[in-house]
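Shared between the two complexes below is chain A, which pairs with chain B and chain C, respectively.
So, the complex of A and B:
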């Protein structure tokens, strides 16, 4: 009898582990099938993944702190990306290039990111329990304001002199801006090649520093407070923590980090599509961290790294795998869009389902107590 | 006095007043910007007929407590299937139109039932889950549009290329079949699409009637107070599923009416963001996350589509700016953010 119970329990445990990691396991299985189908060489895949890791990991890591604060996936990191882009438009206009350009972009974008993050924090505080959908809609809303700013205010109220980035009508910014001045300056500053794979050491050092910062930050008093707020709002308030302020702060930090992440991303890509580059930032980073096994209530550096590798490996191979399989690369393109959205939908649904089961359990135990 | 004004504003909601005043301002400016007033009005009415049913479809889910239907795509997809299968079968005019609706309803019942089951599992987080389930299904169907074996030459690429075209014209099938039904020519620039308005009125009436039946009342009670509903012996989960199915069916009909008036069927990523304008419209009409009525729909669609119709031409002609599109983005999404920050719903 007892033995039976034990096996039952261990089977339950295994099922639980599998359930907790459904998303990474499914993606891994897809990769196992898709990599041979894509006919890509190992070196090529590794090179692509290394580039994409250095390009995207900073952005993905910016999601962690709001999760600790119990605010779920921060869909409003798009606001940080917009701050970065505004700063990059300015430095391109002024013709400041190289590492100085990147540093100046960081300097200009930080106050914008703080301002937007603060705004997002206040809004999200008014929508407790609906942070994710509100953050998502908020990013669309601010995108409209960003468009008005870039399309009408830049070049008219704010002087922009570089005719290469200005629209022909004399104000407003062109759709694409060539970032030749800062293209891959961070990538190439310190880097070396191993068997044809270029490793941007400096970028990985920066990402490493961010990881150390996150680990250190969790241990500070502020970090503990954020964690407490994430566990239970009422208890934190009882302990004298200003819950609203802590939540705003974690969104501000996340927005600033996302802003720097977007600068890293854009200097690597080398072109800025003014009206598009930021739109998908939220979806792709969130999908990536979820693929790494994170959930709405828990996310760590490991999730970010594993997620970045798996998600971007899938991004690299799926169009070609689709081509081999059905003779149409478009299928692979749609497939990776589907996986991005599907992963988010699945993770959110599992989280909501669990929350509901726990709620029900609480109700039952409460009923028993009475 | 001050308090009273505050209360009126509170009741009427500030954004709605702003939107209303903005529309009024635009309409006053119309003649000065070199546009015909009657053609602007015509535009608004046509757009009302085009979008009304889609927005109407949000009501049942709000009433049952499922919140705003951010997963409107789950009814748009059945609608698209209905439309293209009807064209594939070569059905024309009213037969084609109603065949499209019939087929769409069949798929909508399945889609709505599964969607309802899912929403019951994620109570309290319906909106964010629905958003991404909607996005997933649209991107999944992108693959299907490439693979499904449709043959009609009006829908596939003429040579080379695989799959269905991204925009399919329904001209020659059932384009403007409702719009032209009993249409009233008031002037050269003002034509009332009587058929569209009658169709909207018919569906609105049916919905109104539905919420007067025992079943409809039970659904409404579920939305107002789940505990009370439970104590009355109402099966909450079933009520919610039924409301989702009804919403999905109306939405599927809504997108067909939209295509009928618009002239094109948009596949692939076309429907991706279609839920937001519909939600924004009902919110501008005064609905909230947990309250919505047919009058909200009518007022909301008129105001929202009024701005969408009048703003581009008026603003562009006056300022020589095409600021209207970003402005529309700000209004649509600002309205939704505002509504989400308003109501703290107790679960």
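So, the complex of A and C:
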């Protein structure tokens, strides 16, 4: 009898773990099949994952604080990416290169990110409970303003002297900018090779510092307040916490971090696609953290790291696996885009499903009390 | 309140100073190094030898007679050092010059024969 109870409890626990980690398990299974199909060497896959981890992890980590504040996945990190791109256009025009260029880009983009984050925070406060869809639409709206700024204001109202980045008509920025001056500056500043795999130590140190910052931040008074707001807005307000201010602050922090993340991303890539680079940032980073086992209501550093590894392993492997399987690499390309959007849709569906179950449970409990 | 405002003003000022420092120290300048004949103020300086060139202690390629070399530098204060090459061997005959660049001087042309002969206009700056 006792053994039976223990077995039931263990099975229950296993089912719970499986349910909570459905997405990472599914992706892991796909990878187990896709890696041999891709015919890629282990060294190549590890090298690619290390590069992509150092390139993307900072951006993915920027999503954690708004989740703590109960605002879900922050689609408006696109605003931070735009701030970074505006700063990078300026330093390219001025011809500031090297580590100074990266630091100046950080310096210029920070106030823009704060401003945009503040704006996003105010808007999201007016759409409590619908932050994600609002953030998604907000990123489209600000993208319009960004395009006006880059396509018309730069070169006309704001002088741009570098003809390499200016459109022939005399105003507006070209579609693609070569970032040769800052290309892989952070990657190569402190780095070493292990069996053909280049490890960008400085970038991993920066990412490590951000992880420490997040852990420390959670323990501060502000971190506790953000957590409390994330649990329940009404109780937080009752406790004297300025809920609106806390929510705005968490979005501002996330936008600033996303801005720095985009600078790290672009200096690694070495090319800025002025009108496109920022657009996919929100979807891909959110998909990555969800692949890592995060949900709309909970996300941590572990989710970000696991997600980055799994998601980018799939990015590396899927085109070649698709080519071997169907004879067309494009299938793999479609597949990873499908996974990105699919994972987000799946997580939202699971979240909605759980909420409905909890609501029903509450109703039953209330009914029993009556 | 006043103390807080003062701290904020100091902080913003420090960030501005840091920004200016980064702008000045990170500004890129293109340097062309000519080992070509040049006439300056009715005096002709002929290119007679090949030279090994270092800019800010960074080794560049050998610039042969009649050729032009190119490098990019950042910041304002720079040093150029050249060593004469004879029969493909460094002779030990070195010449060193220091120069200062302004922010708007994007392209600089250094003429080696003029520099070695201490001509006043060995360095031509193009403002952009």
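One rule holds for everything that comes next: the second predicted complex is superposed on the first by the 361 of 370 C-alpha atoms of A that agree within 3 Å, B and C clash if a C-alpha of one lies under 4 Å from a C-alpha of the other, contacts with A are read in each partner's own complex, and residues count from 1 in each chain.
Criterion: contacts are C-beta pairs under 8 Å (C-beta built on N, C-alpha and C of every residue); 3 or more make two chains touch, one makes a residue touch a chain.
Because the structure is predicted, anything quoted here is derived from the model rather than measured.
Look at chain A after the overlay: chain B and chain C fit there side by side.
In the superposed pair of complexes, A:104 makes contact with chain C only, with no contact to chain B. In the overlay built on the shared chain, the residue A:147 is in contact with chain B alone; chain C does not reach it.
Judged by the touch definition given at the top, the superposed model places A:159 against neither chain B nor chain C. More residues of chain A are touched by B (comparison of chain B with chain C). Legend: residue contacts after superposition of the two complexes on their common chain; A:351 is shown touching chain B, with no touch to chain C. Contact with chain C, but none with chain B, is seen for A:181 once the two complexes are overlaid on the shared chain. In the superposed model, A:94 makes contact with chain C only, not with chain B. Look at A:196: by the touch rule set out above, it reaches neither chain B nor chain C. With chain A fitted onto itself, chain B and chain C come no nearer than 28 Å, counting C-alpha atoms only. For the contact definition in use here, the chain B contact set and the chain C contact set of chain A share no residue.
Note for the complex: chain A touches chain B at residues 123, 126-130, 132-134, 136-138, 140-141, 143-145, 147-148, 151-152, 326-328, 330-331, 334-335, 337-338, 340-342, 344-345, 348-349, 351-353, 355-356, 359.
Across the interface of their complex, chain A is touched by residues 70, 118, 121-125, 127-129, 131-133, 135-136, 138-140, 142-143, 146-147, 162-163, 276, 321, 323, 325-330, 332-334, 336-337, 340-341, 344, 347 of chain B.
Listing the residues of chain A that touch chain C in their complex gives 91, 94-101, 103-104, 107-108, 161, 181. By the touch criterion stated above, chain C contacts chain A in their complex at residues 15, 18-19, 22-23, 25-28, 72, 74, 106, 128.
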